[in-house]
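Same chain, two partners: chain A is paired with chain B first, then with chain C.
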Partner chain A sequence: MKRLIPLSLAILLLLSGCWDSRQLRDITIAKSAALDLLDDGIYQSTISSPVPRKYQAEERTLVVSGTGHTIREARMALDGKVSEQIDTAKLRILVLGEPLARKNIFPPLDIMYRDPRSSLGAKIAVFDGVGSNLIHMKLTDKPRTSEFVAELLETAESNTIVDDINVQLICPIMMDPGEDMILPYIGVDEEDNPRLIGNALFNGDTMTGSLSVEDSTLLLLMKGKLGSATFLTEKVHQEEEEDDKDNYITLRIRDTAASTEVTVNHASDEVTANVKLTMKVEAIEYPHNELTEKENIAKLNTSLEEQFTAEAGEIFKTLQESNCDALGIGRRVLVHHPDFWDTHKWNELYPEITIEPEIKVEIVDHGIIN
Partner chain B sequence: MNVKMKISHPQLFFFIVQTQIGVGILSLSFSVHEEAGWDGWMSVFLGGIGIQLIILLLYALSSRYPEHILFHAMELIAGRLTGRLITTAYTIYFITVAILVLVIYKNIILTWLFPATPGWVIQLLLIISAWYLSREKLHIIVRFYVFVSALFLLVVGVLLFALGDLNPLYIFPIGHHGIGPILKGVMAAMQAMLGFSVFMFIFPYIEYKKKRDVLKTATFANLFTTAFYGITVLITMMFFSPPELKLVPQPLLYMLKTFSTPVIDRLDLIFLAMWIVSVTTSLMTYVYLASLSGAHLLKGVKRKKLTLWTSGAIFFIAMGPTNNLTISKFAEGVDYFSIVMVIVIPLLLYLLSLIRGKPSSKGGQQHETTHSS
Partner chain C sequence: MGLFKAFKHTKNSAKKGQKQEQLVEPPDIPTFPVSFDMNKNRRYIKETLYYTEDLVEKSLRTELPGTCHLFYIETMSDTDKLNSYLYQKLRDIDSEVKLERMLQDMDSAKMVHLSDAVSELLSGKSILLLEGKGHCYILSTNSVVKRDIGEPDNEQVIRGSHSGFIENIGVNIQLIRNLISHPTLQVNYTTLGELSQTKTAMMYMEGRADPEVVDEIQRRLKKIKVDQLLNNGVLEEYLEDNIYSLFPQFISTERADRAALNLLDGRILILTDGDPTVLVLPVTFFSFFQSTDDYNSRWAAGNFFRLIRVISFLLAVTLPGIYIAIISFHFEIIPFGMTYVIKDAVEHIPYPPLVEAMIMELTLELIREAGIRLPTPIGQTIGIVGGLVIGDAVVNAGFISSIMIIVVALTAISSFVVPVHEMSMAMRLLRYPIMIMASMLGFLGIVFCLSLYLIHLCKLTSIGQPFFYPFAPLNAKGLLNRFIRLPHTVYVENSPKKKGKGQSQKS
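Up next is the complex of A and B:
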């Protein structure tokens, strides 16, 4: 008897099954999903799921959409369209249609944050148009849109065009009153193929504008981000017009140091932000071929600095017009001048503040020729 | 009593630390943030200082009667009847804390890991393992605690994942909330650190050259726990912006959910599954203490047998509360109970023992009390 009890207990534990098992044959795995807001204020959820097919190398995908007043209702409508239960735990890409992004994105994302099984590590992007269109696209070189978009974004991350973010990492920024997020912005080119067209600017959880690819890189550099393969191309010679191609230089950004300092003038209620960026660059393409002399390099540095500073000024203008505090200037005001923060509404103040760029460029290398 | 049955100082260290660190770490930054906002991390460190003061008091009390377990010393100090009443209160207290730990962890496992598994199964598995070890003698229990302390490295390891995504600006301006809320946060922090008091109940089972060494070990254990909790809270607070932290009751898990590695897709689930061990050690300590104090009350009943009864009671009572609001009310009640049992009663006993003067210890009783380990 004394031995029987522990033995039977052990058998009970070891031989019983699981309540929480999820068999692959019972679920449809959603690899990419799109959320849209239709004209009549109804959410549409679209998912794409790989369909394994026996003895055939070519992969198929299943794309279905469902609509509802909440995302969950839309998901339920989806469930009615596929034979198995839809599982989003392996979601890789979440696409937000622009009409939805322009409204507010937190309510539809709520279910992602609340569900313990959801995939918070999914990449998130805004699509210029109805998001389901991106999911429906048939691509020639990739079997699945989820893979294509994920790789597109990963490359863009290493090129410092978009920030390395996912569904969870944007959340602290989205909720922080002192900083606004920017999300990858995907559009279509002439041949109806998806391509990255920059970043969508947000104010809180509402999309308010967009930034081009070139400007995105400079903005991210000023935020202190740097991918492994970051390039910038600038026009450095204006005067010679016979061959325009000679006028450009392409730089590879080796190393950067970025800082943002904020001063508050309490008497006049003026906020000035000083955004500093020092870049160590390598000239990787420069047909002009005059990098032998020190003066030329110094001249080039200065000329690049002027260009970048002017460009940064334009970026800040765009940001302020969209009321998107991507640099987190408000957070710095809150940190260093809490009294000022408490008595002012940052959202109203931000478009009026002065942001001064200060960019230093140092060409440290120029490949194996001069 | 065999010297080998006594526990060494490193073992004492891990006994205290494993009792303290458990389910609390998962939600600590949320609960201090609720009170003190982004200054909550200071509350944790201040809580460590507060606990040090209490440790001094508990040491002063228990070291006055180094040969007796505290429940016996109480009878010497306050008289037989009062002493027994206080011991009964302690037994109830230990059982209550064990119930709370069980209920909270069951709930976390249900929401995060196994939504379809019945709660009582999870409870049963946890309480069986707690019962199985706590029926052994103390030196066997602590050996297990030392062994599983390697799991603390796991926490350090998973925290490293977050380092790249921290924003230090989220914890500034320092001291913005003022001293009142920070002190309220201290209360919340100390709740997660409960368990530092265990050394006073097992004082005669500790092997020491000088009595002061026990204080030293308790202090080191407190330092370790405070630093461990403090760093965890700092990192989670820099990961979540203040408005988001308000929405996330288990910040550590939530943070881990964000990251995936090539091998492990969901770090939070793996962490939660492994962390069960650290939570169970807290549970074991309380089952052990409950049976220890119970065995002192019921002369002639073997402590080993009592663990089964206490475990059973804990299991059945813990099935009651399932509503989140009920549980947080219950937790609040346990907080106040803790203040009484860990601060007020030891203080009164200490003062009383000072007034009465030190009684001479009797060898016969010493033998009787230490035997029950």
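Up next is the complex of A and C:
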């Protein structure tokens, strides 16, 4: 008996070994994937996988699509088209077609959260059109769409145009009744090349609107995000110059402090959010070049503050129209006024609340020219 | 563990039987006192040596009555010495007192038993028989064949002493004594080997070496019963605590400075006549990663190289396993940019990664083994054929992935970094279980295997002293002293369990 136990353990190990191994050579690695909702309510899953060099002299990408009533069924249909087994563990970019995003995105993403092997670190973006079109696009500067989109988004993150998010990070926001997510929004330009066109606004898991690139930066700054290379361009002189381009200033944001305060008037059921943002900026392009004088700087500061506050007001209007609580005002109400939260439906109340922006700008540096 | 125990049991019982058999075997030469009859003595010597043809007998005449008979083995004796010392001086002798004094001057010994004298004869001495006397004289006329003291090929250092041990035990002890001139340095001789009668010496420093360990080694040496002891490897196996362990429990070195440093560190040396390697015991796991270079170069560099050696141990043991695990289980951990490069490489390999890795590892061992046996000029050919032709062709043919070649090359280089050869052999063997486990369970298998190794290391002892010392049992000051090479001016007081073990700072 004493010998039987170790012997059986050894046999257990030796005989059952490697049943669950997944040989790298037998797997097609999907690097980018698109999820779409076709007209007849059928899901379409498209994946692209670069083809190993040995088969082909030129860099080539395999793009296949499959359809089904669920994403898994669509994936199974894909498997039938590819010789090897498809694995999404190294997925770098997940594209959601706008028709799908306009409906609701949680059901198709569900499989990503359930499968332990799925790539939760993949970047996620919404495409203006059918998502598979983006995957199918032939790009001139990068052979692979996945790399192009992923690097596009990474650059945008450092420019504070999109938030630093991935499949995992959007999940809690999507589930949170007090906050809504914004996802990168990719469209095509006139020459049919993909480009970033701003952010898609969501209410819960449904896309309800979009925000332009310039507005996205200001919104993210108000959320307290700041990338390493953030620039804002603003018109500061109203038609004073003959040449219009002299009316603009470009700022590089050095440091920000953002805060949101929410006050609830229980009597009148009114919610007021006060969004404060203090920016320390560096004037990096300003053709007027009068930055050595303090009065000029002060004048510029006030002018910029007015401009930004007005713009912020527009942004909040768009957000409220889309019912997208990107700043997480609802979360603050839930935390500080739970009884008010319990008696009201935030989703219905949010478009009606008052959001007051208060932006302070301070030019702290103006380059090496004095 | 039950499985291992069962193994041990059968092995032990087998060993017992062997021992009993040995005890009956070679009978000692019966004692034979020197007879007053010269002819009897002469016949005895010749018969004991079976009339070997290199035995020379000479009758010498002096002024005294009676003939003297000199016996020596010509191949072992220095005839110049005999000529200048004995023949010339014997001529002037006219009284017994003078003869006695002359022999005393000549480093001789008086012996009553001829049987003892014969065994001395075998070590190159001469026997002088005097007619009508009940004793004989032994003259030390042996010639010693010595190699030059050169740097050992397998333990080279950049800076520091370049003297290495040779095959002569006397010279070796002299080399150590030259480095440590301290009265506490002790030498104990033992003769081992029933047939070879090899002289072995145990050296230690009184007060620095743990007396318990010294006693234990002496006890174990006494128990050794072997026919021939021609090298230290035999001795090592008899002295080891656990001979079934893959880890070497003693360091063997050919460097005199290394041996001396270890002596100062409280360790014990065992020297064997005819073997240029010296056993150092007891040692810890991390002693294998120390080189005298560490203590000779600047301390930051010394630490860096020591760290490199420990990393190389981990690499050599786990790298092929990690490759197998990644390729067959966890390709998710490959960074984005590398995924396709690696997939490209493994796309056409016709067999599982384990087979691929085994083929390459075994090829490497073949090349290495062939390289050792061949003389240097042909050895280079092997390097070219093995390295370039096999390495390149096997990838081009699509049998082995280029990544595997990189892994094997890295593993091979890592396994040669460790300064002690025995440990590098252990490293090469330890990698195979890891490879098999990795192919079955992926990283989990590697972790299982490494845990087993760790448990074994923690349990292992070297002459009763913990082998994995600064870590198990954990000792922070021990870590500072042994694992990290501190500047020589910094001294950390080690908190020893016993007095006399504290001086572990090498200086």
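Operating definition for what follows: the second predicted complex is superposed on the first by the 346 of 370 C-alpha atoms of A that agree within 3 Å, B and C clash if a C-alpha of one lies under 4 Å from a C-alpha of the other, contacts with A are read in each partner's own complex, and residues count from 1 in each chain.
Simple rule for what comes next: a residue touches a chain if its C-beta (ideal position, glycine included) is under 8 Å from a C-beta of that chain, and two chains touch if they have at least 3 such contacts.
Just so it is clear, the model here is predicted, and its values are computed rather than measured.
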| item | value |
| --- | --- |
| Partner chain in contact with A:T67 - chain B first, chain C second, else both or neither | neither |
| Chain B versus chain C as contact partner of A:D176, first or second or both or neither | first |
| First, second, both or neither for A:K2, with chain B first and chain C second | second |
| Touching partner for A:A10 - first (chain B), second (chain C), both, neither | second |
| Which superposed partner A:R25 touches (first chain B, second chain C, both, neither) | second |
| Contacts on chain A seen with chain B and repeated with chain C across the two complexes | 13, 18, 20, 89-90 |
| Complex contacts: residues of chain A adjacent to chain C | 2-3, 5-7, 10, 13-14, 17-18, 20-25, 27, 29, 31, 50, 52-54, 89-90, 92, 117, 119 |
| Partner chain A, residues of chain B touching it in the complex | 111-118, 121, 125, 128, 165, 167, 169-170, 172-173, 176, 239-244, 247, 254, 257-260, 265-266 |
| Residue numbers on chain A that touch chain B, as the complex places them | 9, 13, 18-20, 89-90, 113, 116, 120-121, 166, 168-169, 171-173, 175-177, 179, 328, 331-332, 334-336, 338 |
| Residue numbers on chain C that touch chain A, as the complex places them | 1-3, 6, 326-329, 331-332, 334, 336, 339-340, 342-344, 346-349, 352-353, 439-442 |
